[in-house]
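Before anything else, here's the structure in question.
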Amino acid sequence: MSALLEVRDLRLQFGGVTAVDGLSFEVREGEILAVIGPNGAGKTSAFNCISGFYLPTAGAVVFDGKAIVRAVPELWRRLGLVNLLQSFGLYRVLPSRVTKWGMARTFQNLRLFRELSVLENVTTAMHANLREGFWATLLHTPGYRRAEAACVREARGWLDFVGFEDDEQLYVTQLPYGEQRRVEIARALATSPKLLLLDEPAAGLNFNEKQALMRLIRKIRGLGVAVVLIEHDMGLVMELAERIVVLNYGKEIADGAPEVVKRDPAVIEAYLGVDESEDA
Amino acid sequence: MMQLIWNGLIVGSFYALVALGYSMVYGIIKLLNFAHGDIYMLGAFVGFFTLSAFGISNETSIPLLLVVLLLSMVTTGLIGVGIERIAYRPLRRSPRLAVLITAIGVSFTLEYGVRQIFGPNPEAFPIRLESSGFDVLGMRVTASQIVLVVIAAVLMLVLAHIVERTRQGRAMRAIALDPTGAQLMGVNVDRVIAMVFFIGSALAGAAGVMAGAYYGSIDFLMGFIIGLKAFTAAVIGGIGNLYGAMLGGVLLGMLESFGSAWFGGEWRDVFAFGFLILFLTLKPTGLLGARVVERM
Amino acid sequence: MRDLDLALKHVPLRAPAPLFERPQPPKGVFTSQRGFMRALGLLAVLLVAVLPFMDASRYTMSIATSALIYVMLCMGLNVVVGYAGLLDLGYIAFFAVGAYVSGIFTTVLGWPMWAALIATIIACITAGIIIGAPTLRLRSDYLAIVTLGFGEIIRITANNLKITGGPSGIHGIPSWSFGPWSFDDGFSLLGIDFPERVVFYYFVALVVIVVGVIGAGRLAKGRLGRAWKAVRDDEDAAEAMGINTYIAKISAYIIGAVWAGMAGQLMATHLSAISPNSFQFLYSALILMAVVLGGMGSTPGVIIGALFVSLAPELLRDFAEWRYLIFGVLLVVVMLFRPSGLWPATAVLPWLRRSRPTPPAFTEATAVPASIMESVDGTPTTDAHEGDRA
């Protein structure tokens, strides 16, 4: 099988802190990969680089044959114009573009659109795929009506798919936490991704909700979508993941099948070490 | 030529004093305090009010100026703290838009509150520093100008000392870097923010009194343009950076001084704001500001 | 599924069909929010349209037309601030650009009014790009202060240049004319004489506002409007959903600019004279106040806010003296206690409310953690660790 996502020697520095330090892994089509590691290991930072939000200090990210990290000509680097050019969207791939290429993500801390209804949250995510021009919207042309109807239908399809059963006209802030998590996944799916990045999707969920989440993730994989998830719940990870990448202090310390990773001495040390210092 | 530099330096030191408050507040709570320019105006009016209350007018004494300066600084500092407490603190976790709009409301309240009290017409500031000057290095320098520049320099040195060398200063820098972390480390965030407002407002108040004594007349809208200019100065220097604010203030003063000489005084403000836009286009972090990646 | 293929671009992944059909929402005047607002709007338009038949005096018409132009400006700013969440403190500058461009092109160059309108639109788009392009990629607060500076630049430039007539401005701007007949000529209808051209501008302003309200409402509900609101609510999340936030912001900004420019042209032709004093920062602030007081993002709220801010000083003379102070205090009070304004965008008619209460647009609890105290990436991590050990 070919690699859908390829991360090579990814490095990310914030001033003196090296959040990601030489990370390499790949994601194959339709697989479930888990990224684990103690707090502050750089998991979220790595996600942010992969989805185009942070510009890595070095390394390459290739998604579906397209480079997400762009090379900047040495001349601009010398002239110190890199930041300026990149702030105008040159020599970088914007996260919105990455999403259009078929990579969707959720956020560690829920980030739904708080002043939009549940349905609008999901339809908003179809932005890039929707044929709806400015004038068509103003004039309410048949094409526009058709697009809106299709868009709402798709959104409802996704809401049903993730098992959202509440009123779609509610504002997201009116929903319980678990439902909000579901809506966030529906919203990510509505961008019609090939790869879905989930940042701690089970955080804050109770046992039943976690079970439902596991079923949902398997269902998503069943659609042919590859899933990469960051997760602290080992039970969930071991049951769900086909492969696990372990990070510690930005470095990759293991990559392999759950049973192998579980017994890896480096992994055990990293986790036990952290537990000690945490409890202190 | 030297004259232009000298004039620029004086105006620049006013800008720098106001810019410092802007920059400090921005550095610590990422708020553009639109009302900051009006604190400068309040400083001038506090001075005016006290002096008028004692029936003083047309005075030229420097010690008196210092006394009034101190008094104004304390008053405006307290007003600044009050504003933060009433208008900004409740909104600290709100969207940025809400806080910015509140700041505009505060600015309006201050301006038109003063207008209701003192009337819409300019007032003559009771202290006028004498303008007998002497020539040095081909520029005309007056004693009062030197006094103003010295006061500004002393205030900035004191500020630098506070921020760099004291516990409170360390707390300020810590909060600017990581508010949650600082709080976890036992820093009293509310108190430090209040203190930043006190210092910033006091500096602006001082600049207001000095401007009153220098230009001779004050009015309720005098803070509007200087607020904008001070912001420009803070951006040029790198917003959030104290030395940047000082540098930016002086630099903007000089740029304006040269700009007026070349293009004519009526274009001075256009020139300054043009620079603001240019800087934000090419180097939004300013001369001394560091690039930070915003946390997501 | 052909419909879907026409509506959606090529997508690798389609949603499974919805599990059940949703019932059609009600459409009646009293059973749906939309129906009710439409009826209300129609009633308001009728009332406004009837006014000249009751009192067509120059004074009334002049004030009423100015109020309508005010409404127009506030609606434009509402797109920028209310929908896209961009704080524009120099909105009056685009109004000035519109007024001056049409004034100069018709008086100095002698162009017809429609050509000047096109020139106005082009000028406003250009100005919007010049200001928006560098600043909209930065934090939102920079936009606020840059637009403030831009407003001053425009005013000072108009004050200093010869072609803009310096401090005294431009006089004798011609009216709209259609062939031999112009607005100046007037005509009679139903036995009532409409000699004043202001009456025409009153109706023109009314028609433009109605078109604007419908257009803004449609845009707000469509793809672009959703993108604006998403950017306002959470820029990073919007970007992650495939919305190019830069383009979304700049489109809102330019639409706002063009709308203000058209309002400027309307005012220039209506008053036939303009001067730099009408374009002070004060007016930008007043427009913003109207939008905030009425309710950001809410069309009925903004219209009410605009009418209040523009008509209150005319109706209450004592108020005029104190109004700026009162507006300032009101602004702070509203932001502290009712940030979504008089008529919030999320307001639901009382008899249509669902069982759960509608949340205010933003309160402390619902706000996106953005500025200080930003949770260092996520609150629920501790929970996750509980699970870890379990």
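What to note about this one:
Chains: A, B and C, in written order; residue numbering restarts at 1 for each.
The rule is short, and it goes like this: contacts are C-beta pairs under 8 Å (C-beta built on N, C-alpha and C of every residue); 3 or more make two chains touch, one makes a residue touch a chain.
Labels paired with UniProt names: B = Branched-chain amino acid ABC transporter permease.
Model, not experiment: these values are computed from the prediction.
Chains that touch both chain A and chain B: C. Among the chains in view, C has its Cα centre nearest the centre of the complete protein Cα set.
When C-beta pairs in contact are tallied for every pair of chains, the largest tally goes to A-C. Greatest centre-to-centre distance from chain B is found for A, with centres as Cα means. Distance between chain A and chain B, defined via averaged C-alpha coordinates, is recorded as 44 Å. For the pair chain A and chain C, the distance between mean C-alpha positions equals 35 Å.
Work out the mean CA point of chain B and of chain C, and you get 33 Å between them.
Residues of chain C in contact with two or more other chains: 138, 232, 236, 362, 368-369, 375, 377. Multi-chain contact residues, meaning those touching two or more other chains, occur in chain B at positions 284, 296. Residue positions 44, 53, 87, 107 of chain A each touch two or more of the other chains.
Residues 282-285, 290-291, 293, 296 of chain B touch chain A in their complex.
Those residues of chain A that touch chain C in the shared complex are 39, 44, 51, 53, 87-89, 94-97, 99-100, 102, 104-105, 107-109, 111-116, 120, 123-132, 134, 137-138, 140, 143-144, 146-151, 153-161, 167-171, 173-174, 187-194, 200, 202-204, 210, 223-225, 231-236, 278. Interface of chain C with chain B (complex): residues 81, 85, 87, 89, 131, 134-135, 138-142, 144-146, 148-150, 152-153, 156-157, 159-160, 232, 236, 281, 285, 288, 292, 296, 322, 324-325, 327-332, 335-336, 339, 362, 364, 367-377.
Interface of chain B with chain C (complex): residues 29-32, 34, 86-87, 90-102, 104-113, 115-116, 178-181, 183, 224-225, 228, 231-232, 235, 266-267, 269-270, 273-274, 276-277, 280-281, 284, 295-296.
Residue ranges of chain C in contact with chain A, taken from their complex: 3-4, 6-9, 11-20, 22, 137-138, 215, 218-219, 222-227, 229-230, 232-234, 236-246, 297, 345-346, 354, 356-359, 361-362, 365-366, 368-369, 375, 377-381, 383-385, 387-388, 390.
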